Amino acid sequence: MEGLDDKLILNVGGMRHETYISTVRAFPGTRLYKLTEPPPPGSPAAQGPPVREFFFDRNPELFSYVLGYYRTRQLHCPNDVCRDVLEEELAYWGLAEAPLAPCCWLKLSGRETRTQDFLSWEACENANLDERLLLNPMEGQGLRNAWKPWLWVLLDQPQSSLGAKCLSLISTLFAVCALVIFFQETEVQLDYFSANFTPMGHGVGVGGSQQQQQQQNNGLVYRRAPHLLYLELLCSLWFGTELFARAISCPDKVRFLCSPLNLADIFCLFPVLVELVVGDKAERQPRLSLTLGAIRSLYVLKLVRLLGFLEKSLALRVLVHTLHSSWKEVCAFLLIWVAEILFFGSLFLYGELLGMSAPGQSELHFGDIFTCLWWTVITLTTVGYGDVYPLSAMGQLTAAVTATVGMCTGVLLVPVLLVRFQRYYAVALARQKLRPSGLL
Amino acid sequence: MEGLDDKLILNVGGMRHETYISTVRAFPGTRLYKLTEPPPPGSPAAQGPPVREFFFDRNPELFSYVLGYYRTRQLHCPNDVCRDVLEEELAYWGLAEAPLAPCCWLKLSGRETRTQDFLSWEACENANLDERLLLNPMEGQGLRNAWKPWLWVLLDQPQSSLGAKCLSLISTLFAVCALVIFFQETEVQLDYFSANFTPMGHGVGVGGSQQQQQQQNNGLVYRRAPHLLYLELLCSLWFGTELFARAISCPDKVRFLCSPLNLADIFCLFPVLVELVVGDKAERQPRLSLTLGAIRSLYVLKLVRLLGFLEKSLALRVLVHTLHSSWKEVCAFLLIWVAEILFFGSLFLYGELLGMSAPGQSELHFGDIFTCLWWTVITLTTVGYGDVYPLSAMGQLTAAVTATVGMCTGVLLVPVLLVRFQRYYAVALARQKLRPSGLL
Amino acid sequence: MEGLDDKLILNVGGMRHETYISTVRAFPGTRLYKLTEPPPPGSPAAQGPPVREFFFDRNPELFSYVLGYYRTRQLHCPNDVCRDVLEEELAYWGLAEAPLAPCCWLKLSGRETRTQDFLSWEACENANLDERLLLNPMEGQGLRNAWKPWLWVLLDQPQSSLGAKCLSLISTLFAVCALVIFFQETEVQLDYFSANFTPMGHGVGVGGSQQQQQQQNNGLVYRRAPHLLYLELLCSLWFGTELFARAISCPDKVRFLCSPLNLADIFCLFPVLVELVVGDKAERQPRLSLTLGAIRSLYVLKLVRLLGFLEKSLALRVLVHTLHSSWKEVCAFLLIWVAEILFFGSLFLYGELLGMSAPGQSELHFGDIFTCLWWTVITLTTVGYGDVYPLSAMGQLTAAVTATVGMCTGVLLVPVLLVRFQRYYAVALARQKLRPSGLL
Amino acid sequence: MEGLDDKLILNVGGMRHETYISTVRAFPGTRLYKLTEPPPPGSPAAQGPPVREFFFDRNPELFSYVLGYYRTRQLHCPNDVCRDVLEEELAYWGLAEAPLAPCCWLKLSGRETRTQDFLSWEACENANLDERLLLNPMEGQGLRNAWKPWLWVLLDQPQSSLGAKCLSLISTLFAVCALVIFFQETEVQLDYFSANFTPMGHGVGVGGSQQQQQQQNNGLVYRRAPHLLYLELLCSLWFGTELFARAISCPDKVRFLCSPLNLADIFCLFPVLVELVVGDKAERQPRLSLTLGAIRSLYVLKLVRLLGFLEKSLALRVLVHTLHSSWKEVCAFLLIWVAEILFFGSLFLYGELLGMSAPGQSELHFGDIFTCLWWTVITLTTVGYGDVYPLSAMGQLTAAVTATVGMCTGVLLVPVLLVRFQRYYAVALARQKLRPSGLL
């Protein structure tokens, strides 16, 4: 055991650490090592007894880990220490190159990696907040712009005031009305279509010319009740006015145009306009009329605005943000999904052909490769209508593999999504709590 | 290096922190800064040597972070410190405005955000407990009310005593009996219905009038065996008595009425009563008789009470509480679900119509939009009966997208539910452990 | 500010805490409060200056939280402190009744609640270990028992030695052989059955009596090739010998009998035995012969023993343990599952009947309620064969609800299972690491 | 209370712990106990007052847990301490055998068990990195090898340079071209097959010989347009050249050959070569021609290389690593999956046979056990085409159990996969953050 004289007292921020000089001499060139070097002969410190106590104005707790590194030659660190803090301390003590012990690698990162999530979520929420609370209404201070924020809040936030609630309710009623008209219209179109087109292929022989005749007549007859058209025009007028008002009062036009719901609103206006312009000709061109109908199905998306009545739940906002921020994974999954469909579709085709080439089999269920791809989608998603299914043993083997892969693909999505969701949710909860306090 | 004279000793709760005066002068106006200000000339402290040691009766560990803020100008905090504690300390030292370093934002919130979960779960469990253990039996102290708690415990808690177990067993037997009667009855109704209604559409021609005749006869013949009616009446009497007893002995009538199981019990009583009142006329009105049958299927819910025999598992109680407390997310998902059905249903309709308008195709699988919506539900849930499926390429494309979206919707539900469940479960486990000790 | 005289020095385990007497007097009756009481006049301590420093041989870190309680009247605790330790300290300082601040409730429980999991998993693994390594071979020390552990290890642990590997391989070959025989046999039975039974219902008229004749003949003809029977007898002899050897050498007979795989082995022996005893009569009683065949399908379970070749993975063992230990939840889910089937089956029946009672509909898809229940299972699991599906709007509505509920039931299973699995897995990993070190 | 004389001062690394001698005498033989032994009479220490203060150059914080062990006879440890550190300290103080209190078992393991994950992920990433950045290009320093790394980077990393991007784009175009040719060819093959093979079984009687004739003719006619063959040859030449270049420039040939994508590339070359060699004979041997087609479906896998355009997301790399490293669990699940199929297939066969042996039933849906196994796969994966489904009550019961088990099997996969994914993802995130700093 070394004598007491060999001890060194290191007063770091008031906490007195004591150690042997030999311990400190473990790593030459560091700040602590230099303390033990004899003073140059001419200096005043060379006279008198050697100094044994040194004061450093540093964090006393991290220093105990630094001293531990001298004692055991292994650098550990306290749990969940901030990396910046640790690096600064190590640099001060001249140990910037010291390797951290493997058991502590993960101690550093715990919260560290989440800061990025925090900032990403913060940005997302602030953007929403700005648009919502119009924190930048001061841009155009003129009289002309005074009503803009007021209008925007009125139109975009159903919960902000009684007027906003009423407006939102009226919009919803118009949307329901448009939907009812749309459903009515599908009935008419379906009747017209059934009468004119489908039997054409299965002509019953004798009545062929009569039918042909009737088709012409029907072709002229197809027209929805005019009052429905006018009612839909009324709805469209309301929707157009509302959309216009929201567009000019919106503080951020780019965000406004990129929102899928707003795009759907814009497209919704076309069908009625086109129908008015084209007039009677639309009925004679069933393909145009059907396309207009397909666009009309966007009316349904207006119902999604009803979500605004519920105060938007945190979990859902986080879910949307998760999907947004993991677009790369979503793209990759879509690519893999398409590759799976093409691959198993081709395998299925040849599996069936190889299996069916034995004599005495029944007819194939498909006539081209697109039906095979259709079958693959329906099998991978485990829907399994049963309109196409394998008949030979080899085709069944392919189908078994396809179904198993499909089941697993769904399962593989869960962890990727879940892990990101959990992190954003933790961050969102923290932010929700910390915001009101002055700490953030 | 500054001289020793420039050092300051801060004895905080017994731990002596030492630092330079220059360090402390980093933030003017704070409590520490004021220590370094020279005393007013006239005061007694101005004489004699300047005081270099100060005592503060505060938490010594958090003070090291406060001092670190003076040294590095970054405010860190220990892991999982309670926010209240940190804010109080910062306020004391005059640093209430100090911004926390980003790497520590999440350190604060770890447990903090869970306290709310804790209280929510606590409230839920206490409500159950009160109802269960009748912690408020003192309300009406009279003789008349002495039996109420006793009766309630007897009826509501199958595991409390031998009598309660027997009663519960008898109730279960009656429920099984009622179910058997109910199943017997469906057979009779199904026979009657098959004989009378379904062939009407497909009349076989010659035997039409005879059948008509027979139908009249059957109409009169339909009557279930009277002993079954009486047996069911007996069951209903038991159920009614039990329900009445539970209703009057229940300490919290509102909770009692809001429980879906109790509501089902009330509705269960109607069918037999109505049948007794209406008598023979019920058989002549098949619609009424079928409606009564549909209500009878609530008998099945009585079996759910069997769960009471198992001591309710913690995981299941937490699951129910999770669903309760995330009703907002459940509503939003239902709304999205409905919007998906309407949207993809319309798309499918027009996809098929557009695809089928080419000549030479077979007949459509649907005749109105409601069949399309039905198809959408069955595809989104990946059930896929195969009664309706797309025949054209465009319809198949729509169906492929619908099936993929349906598969993903199920997956998206998992994280939202899981994250909340995990938090409540952790809290519930903690409570279960802490309750017996005196700490809570 | 109080004078220095009012300070108290509390030397707890070497760490000197200083505080004011007034702080300590916050909670009368506690150990610290008593220090501040003036000594009884006659005692020697009453003379001389009052003692200002006290020594306690306790944990110095927890004491700082105790002192914090005196200062702020809120009891906090360090993160993840062991509850026993905290309670002991509080009891020593006379603060057993002190309520913990809500923000710290969850700090205590973090690891605490897992100890139980640890012990449960430890018990499960030790039981396996005992059986495996025969830690208790000393029970019957006689010469007669010396071979028991050796035999058990040989038979039960395919990886223990070369002999064990060979034995296991031979068993697997016999199992495959038995499976092949079994599959051969199904062909014979299927042919026999198709020839005799199925056409009976659809008698083709003229050839009725001939067929009847042929059936008699077939009835006599049905007999599998004798060499297959003898080969299967050979397999069964091997299986029986192996099972017997394992049974007598097993150290724990009860566990042996409770294992489902061993039970399956026992049942596997019956079919051949019964067939030998009954002899030719079996072929004349198709029902008996089919039942024997159904039992033979247990041969498949012998393949599961192949899992022994893989060194059992930790994750799978934890999964099995999770399912074992959450039998209560599994039971509850089964009960809910059955209730769902009964409830939606009844609803579907009446939905269809109500919807179909309008004239001009096609025929129902079901003839009794059991077909409805069958439909419900197939819809809830989202299989959806399409043999039964709703035809009326009301039935389709019921089906839509059923399919949605079925999709959600699967999702609800995930969190319950996952949370338990995660905890056991963490514990199992910890145990795997800690076992080799002497700490456990 | 013991006198002050009985106190011992233990100065451990500068922190002065004080305790009673009696406390330290709790565990004889340990280093602390020896301090309290009286010195041997003749030694110099025996004269003079007994030493009361000892200095140890060890970690002061862990020592407080060691002292706590003497005080309370329970060994606790701080949260997330590194096991090596704790063991070293305990060994120093002579307490290597001390059992850790159960509540602290899990404190040790928290990060410890993850180090292994860290190293496994590190190895995986470094292997990729080496291959990518060619950290070992110095092996063969000759002029001949200078272009190797350059070529490898050019071919394997689409994002590295503009040339690499162009090359990758050209490859993708060729792949799309090959796919289009492949799809064209399926049309021809399908037509040929439909014309020649399927009707053979359902011969229409009279036209039999004509058809036979026509088949011969068709057999000669089947030949795809020559320009398609030459175009495919061109594609194959490109693919072959690229594959060859990548093979010779690849730094690690074994890894190159083990990659499934590269194997698929190699197999892709065969069909065209074989077709060129065999020439017209291929068309006369439909089986060969179909097998070549099946191999051609590997062209699809070339599309997966498009993933390289996206910078590979961390989550996906972790997912692949998770699947790689849990091959044992995947194997076990496959084995269980096969056993489930065989078991439920056999049960279903006998269930149906037993249920159908009652007279008056319709025909079976299957003719051999392989159809039963096929049905089992389709039911377990909840696809449910509806080509085979049970008709009898017993078969339906089997099917209900099968469907429920299938639904649960998918759910059981989630936790096993998720837990591993979460750990690897945490580790991967940590590594991503720590790499740039010098700490790792």
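Labels A, B, C and D are assigned to the chains in the order they are written; within every chain, residues are numbered from 1.
Please note the rule applied: a residue touches a chain if its C-beta (ideal position, glycine included) is under 8 Å from a C-beta of that chain, and two chains touch if they have at least 3 such contacts.
As the structure is a computational prediction, the values presented were derived from the model and not from experiment.
The two sequence copies chain A and chain B touch through a face in which the numbers common to both fall below half of the numbers used overall. Note on chain C versus chain D: their Cα superposition corresponds to a rotation of 90 degrees, in steps of 5. Measuring from the averaged C-alpha position of chain B to that of chain C gives a distance of 25 Å. Along chain D, residues 15, 79, 83, 112, 382-386, 410, 414, 418 each make contact with two or more other chains. Taken as a graph of touching chains, this assembly is fully connected, with contact between every pair of chains. Listed in rising order, the residues of chain C touching chain B in the complex are 4, 7, 9-10, 15-20, 23, 64, 67-68, 71-72, 74, 76, 79, 83, 86-87, 96-97, 99-109, 112-113, 326, 328-329, 331-332, 335-336, 338-339, 342-343, 346-347, 349-351, 353-354, 356-357, 359-364, 367-369, 379, 382-386, 389, 393, 396, 399-400, 403-404, 406-408, 410-412, 414-416, 418-420.
Of all residues in chain A, only 11, 13-15, 55, 57-61, 79-80, 82-85, 88, 111-112, 114-115, 118-119, 179, 182-183, 186-187, 189-190, 193-194, 197-198, 200-202, 286-287, 290-291, 293-294, 296-297, 300-301, 303-304, 306-307, 310-311, 313, 315-316, 319, 322, 337, 370, 374, 377-378, 381-387, 410, 413-414, 417-418, 421-422, 425-427, 429-430, 432-434, 437-440 touch chain B in the complex they form.
In the complex of the two chains, the chain B residues touching chain D come out as 382-386, 414.
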